[in-house]
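In the two complexes below, chain A is the common chain; its partner is chain B in one and chain C in the other.
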Partner chain A sequence: MLNINYKARLSFLLCLCVYSAPSFATGPRVAPSLFTSNTAFLYTSDFPPFISNKAENQGLLIEIINTVLKSSDITAEVNILPSKNMAKYYFSQENALAIIGYDFNFSKKTQQKSIFVPILSIDEYYYTHASVQQEFKWNGKLSSFKNKVYGTTKGNNVEKYKAAGIKVKYGRLHNLLQKMQKGQVDFIKSPQLTLNAELHTDFPQQQSAFIKMETKAAESVLGIAFNTQHADGKQSAEKFKQGLQKIITSAEFNSILQGYLGSEVDVKPYLKHLK
Partner chain B sequence: MKKIIALLIGLLLPLSGFAEVIQFEANESPPYWSKNMPHNGMCGEILQAMSELAGLQSTVVFKPLKRLIADTENNDVGNPDFYLQHNDFYSIIPIAIYQSAFYYYKPSYPTGITLHNLADLKHYNIGVLKGTLIDQLSFKQHGINFETSYKQESIFKKLKLGRIDLALEIDLIAYHTLHNLYPGQHKDFAIIQLPNSISPIALMINESQPNAEEITQLYRQALTTLIQSGRYQKIIQKYYGDLSFPPKQFKHLERFNRLYNFY
Partner chain C sequence: MKIPLLLLSFLCISCSHTPVSNTQVEPSTVGLSSARLQRINNLIDQHIEEKKIAGAVTLIARKGKIAHLRAAGLADTNKAMKTDSLFRIVSMTKPITSTAIMLLYEQGKLLLSDPVSKYIPEFKHQKVIEMLPEGSEFPYKLVPVKRDVTIHDLLTHQSGILYLASTGWFPNAKREQVVSFYRDAGITDGFCRPDETIGDMVKRLAKLPLYAQPGETWEYGLSVDVLGYLIEVVSGQKFDQFVQTEIFDPLKMQDSHFYIPKHKLSRLTADWNSDWKGSLERVTGPLIDGDLALCPNDAYATSGKYLSGGASVLSTAYDYFRFAQMFLNKGELDGVRVLSRKTVELMTATNHSAKHDATLLHSHGWKFGLGFAIQQDRSHSVDSGDEGVYEWAGYYSTRFSINPKEETITLFLSQTSPFGAHFGLWDKITALSSSAIAD
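Coming up: the complex of A and B.
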């Protein structure tokens, strides 16, 4: 169930979508990164409500990160790109300071040069469409989805799905939900908040047709991976870890979470990774 | 004999797929794409030349951008960043680059305008095209104000009238707009280049396009041939006139090719 605060944010987000649609596909994209030079960038991609160009302070995760950057005296700008693979490109091929998100599916070489700082634990669930719901018996083992079609975003790790005999199709969340409606994709994985945000804005009349499988699919951790090959990478990672710890201890972390998820939110599940 | 027949069928099957015309969908953005210009504009001419070299037939259909973005099963053209939020493609082939710049009206600022960083923009009212602002809230937090217009012409009229201090526009579009609006006076408008603004214009081949893999390979090879033969440069020279090309354009094309096809 969405709280009122969250609903208000979603409505605001919807209004921005409606009123700020671009007019020209070959036109300037006027973003702050156009005007900054010699700036270290932290690259990421859209993942509402955690990361979003359209949300106030760029979403829950980015607000936490920007708060830590400021308090730790790390000069860097977050740049939200339209795709995860673009963020991975800048990190691994152009030596960016850091990448934000999760499930980066790095090559071994890129993995070795990254320092991951966990920030937020999230639970993910599998979702299917009502038209094929009866065919699914999720028992916690991927083998139960054999021969089904899994939809996910390019850049995510799909090895275990392929190993279980599951076919994979790629797309954006919006696109995957459309494919589920058409019967081209059988199931997807998403945090509940992300899926609810998408359904609320783009599929308001069909929300009940997308069925959540109750057993949790995965516990994932959103965070920031610093690049040790960048001149400031190691030092920034260390400063960031300390800064993050400080805002968790000072309850500033709780305050940001409550700002997005409502004052009644239980913060503990989001910090599971600290146990 | 059976092997020869099988081989012939194998060779002919893909060709039958290419007999159809490959449809790309664009929105009106002259001089890059326009149904009112010969060859559909600069990029239309590049696409036409690439199709000839690749032995493919292509057509460009013009639609409003909102409809292009909403359609997830078509081949698009333009800046991929406008589409990737909602669409996935089998391949993205950058075919040209463009850069944006600030413009100001010299008689209004005889001593000139100098911009060092984002904070300097706070002092000016900036005109942009509606729908081009990304991360609007971040600009607001920096205290930077934009005035949006529906047409490029309106932006430059406002600039001359002093209703805005700076105009932000793609340099080639500004060049053509100013020449059309104020012939002989375009030198009254000073330009401040934005090196970080270099962006691609690409062909985006949809996953549902039949023979997407073969078509991608043929177009990539055709672009290489077009550039190596010097014909590519002749096409864009026609549109750039005495305006400088974006610097290191081929280096940027290669980089964008790596960026949008990175897995």
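Coming up: the complex of A and C.
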């Protein structure tokens, strides 16, 4: 009896040693990152006030998208990257669920596997610096900017500018405005809201030095492109379209827009694409 | 009974390090040869005469005393160099930032093994670039990090974070691809002072791909700039304020600044472009060479947002000597303890980057500690120094070297571009400084 009790105690102690050994080991610690989640990612790049890590709810466009995602029961997380090309990489090479923004400049192959859902219409204008304003005669044709230097974000389509004999320099909006001040870039294209946000934050004393050319440069549409190569791509695109329609009809869309742009703002121009 | 105790205390204080001052001592009192130190004067004067450099301040100290402090040549057009001239010490900021991190480590506020993402969430889920074979449909892929970047990785430049300028130093397709992302994201090396906070830059940098898996490479880069922001997050103070109160004030480094006070502007040395063959021109604008962008005139700004942990500090020879002497004294200066002896030993250990040599300033034989390169063996191209000598440099041709065995500090401050041209001169200065030891 005593012997059995001793063996049982010994076995218990041995088991205790064996099972508790890993907790004394000095190997890699268990990190939360070892557990993967099933959340799908939507990639985009900074484009204030529409898309911004610094803005409340990540900006106007992202708030609309998150509202639609929630109402459509799509589990996805928006990841704002500092490089548009990185966002495009995740979409085209890693089959991310979707990419958000505009002017994706996709290859034909990538374009074919995407379903674009338009969300917001925006008018874009060309801007120049007061010091070279007189040299610009914008008549709606890019040929009038021949030999000038156009500043834009890497990843945007610049073929038509190059074809018109315009030189292209790349940078973030902040850097492009600095380059315009230094005379290294002659003009840029931007929605008025985006430029005003940047000037207000980072160039408060020089706002009047950046001149808008009154004739509209382009009508663009911000939206979300779903990836048909993603397992949920087609289904999510369909659910998103329906969800977007719902919030437009319910006036929730207007409410978000007015939250950012002021209650007096006319929302119709932002929905031009619906026509 | 009280009087002998007081006397004993006084004697004890006297026995420890005597206060450091900028007064020069007779070299022989600290075991240095005056005649041999004169050779340094001759060497510098020769370089000035040959218009290789416009001017310089050199400082040799031993056993806590300055035996040689000399200004020669021009600080600016028609302005003589002075021993209290102010210099852009650029990357000699890095040991200061590393010291600031170690202060937080000593306060128990962080561990070197902590993932950076613990304090800056943007560092979670980082990716590493891998180039795909030539002819692949797409040139690269991004793979998850095997483990998070740690504070230790940042201190030892093993994070995989690059400098944009490295495309010029060690060109290859992978580096070019990472740097192209840096360019897209508006990341700069911090040698020009961008109009944004260091936190804004670091948060963007964190979302860009790493050049290599953390711990698997030695790549000199923006890692110490990340540490500057980390100090803000952990301490709750602006980076420059923390350095001021925790390092500059206790060490009485009265002429060290992130942004120069207006009344000291006249002491700031100009930068000179030298072809090292007799053509020497004062730099008036930015120096752009591929991805390397230097803005020496940004140093004239008396205020600004950007506080680079890797490049922003302006200082004098005497101030930097005080900083170096604190290390030589194993963490204290003039009775003020900044770091513990064990922390200084940790910072100057050569086994932090076992697989990798710090091959930027020298070839092999140097290891990177926590803020310095440390001479580990003689299988390298430098002619002087002992095992355990530690040093670093600044991009406008500034250098310092600390030799714990011989208790010497050697400093050379000039403002000469391009950077690499002065390497031979520096090697000669350290050889002359070393051969001036006469005991």
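Note that in this section the second predicted complex is superposed on the first by the 239 of 275 C-alpha atoms of A that agree within 3 Å, B and C clash if a C-alpha of one lies under 4 Å from a C-alpha of the other, contacts with A are read in each partner's own complex, and residues count from 1 in each chain.
As a convention for this text, a residue touches a chain if its C-beta (ideal position, glycine included) is under 8 Å from a C-beta of that chain, and two chains touch if they have at least 3 such contacts.
Model, not experiment: these values are computed from the prediction.
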In the superposed model, does chain B or chain C contact more residues of chain A? B
Touching A:208 in the superposition: chain B (first), chain C (second), both, neither? neither
First (chain B), second (chain C), both or neither touched by A:170: both
After the superposition on A, what does A:53 contact: first (chain B), second (chain C), both or neither? both
Which holds for A:147: it touches chain B only (first), chain C only (second), both, or neither? neither
After lining up the shared chain so the two structures overlap, which partner does A:84 touch, if you call chain B first and chain C second: first, second, both or neither? second
Contacts for A:249 in the overlay, against chain B (first) and chain C (second): which applies, first, second, both or neither? neither
Overlapping contact positions on chain A, where the chain C interface meets the chain B interface: 28, 31, 33, 53, 81-83, 85-86, 89-90, 93, 154-155, 170-172, 174-175, 178
Sort out for me which residues of chain B touch chain A in the complex. 26-27, 29, 32-33, 43, 65-66, 68-69, 72, 76-88, 98, 100, 115, 117-118, 121, 128-139, 142, 146, 150, 168-170, 194-197, 199, 201, 258-260, 262-263
Touching residues on chain A, where the partner in the complex is chain C: 28, 31, 33, 53, 81-86, 89-90, 92-94, 153-155, 170-172, 174-175, 178, 202
Considering the complex alone, what residue numbers of chain A touch chain B? 16, 20-37, 46, 53-58, 80-83, 85-86, 88-90, 93, 154-155, 170-172, 174-175, 178
Which stretch or stretches of chain C touch chain A in the complex? 115, 124-125, 138, 141-142, 147-148, 180-181, 183-187, 195-196, 203-205, 207-209
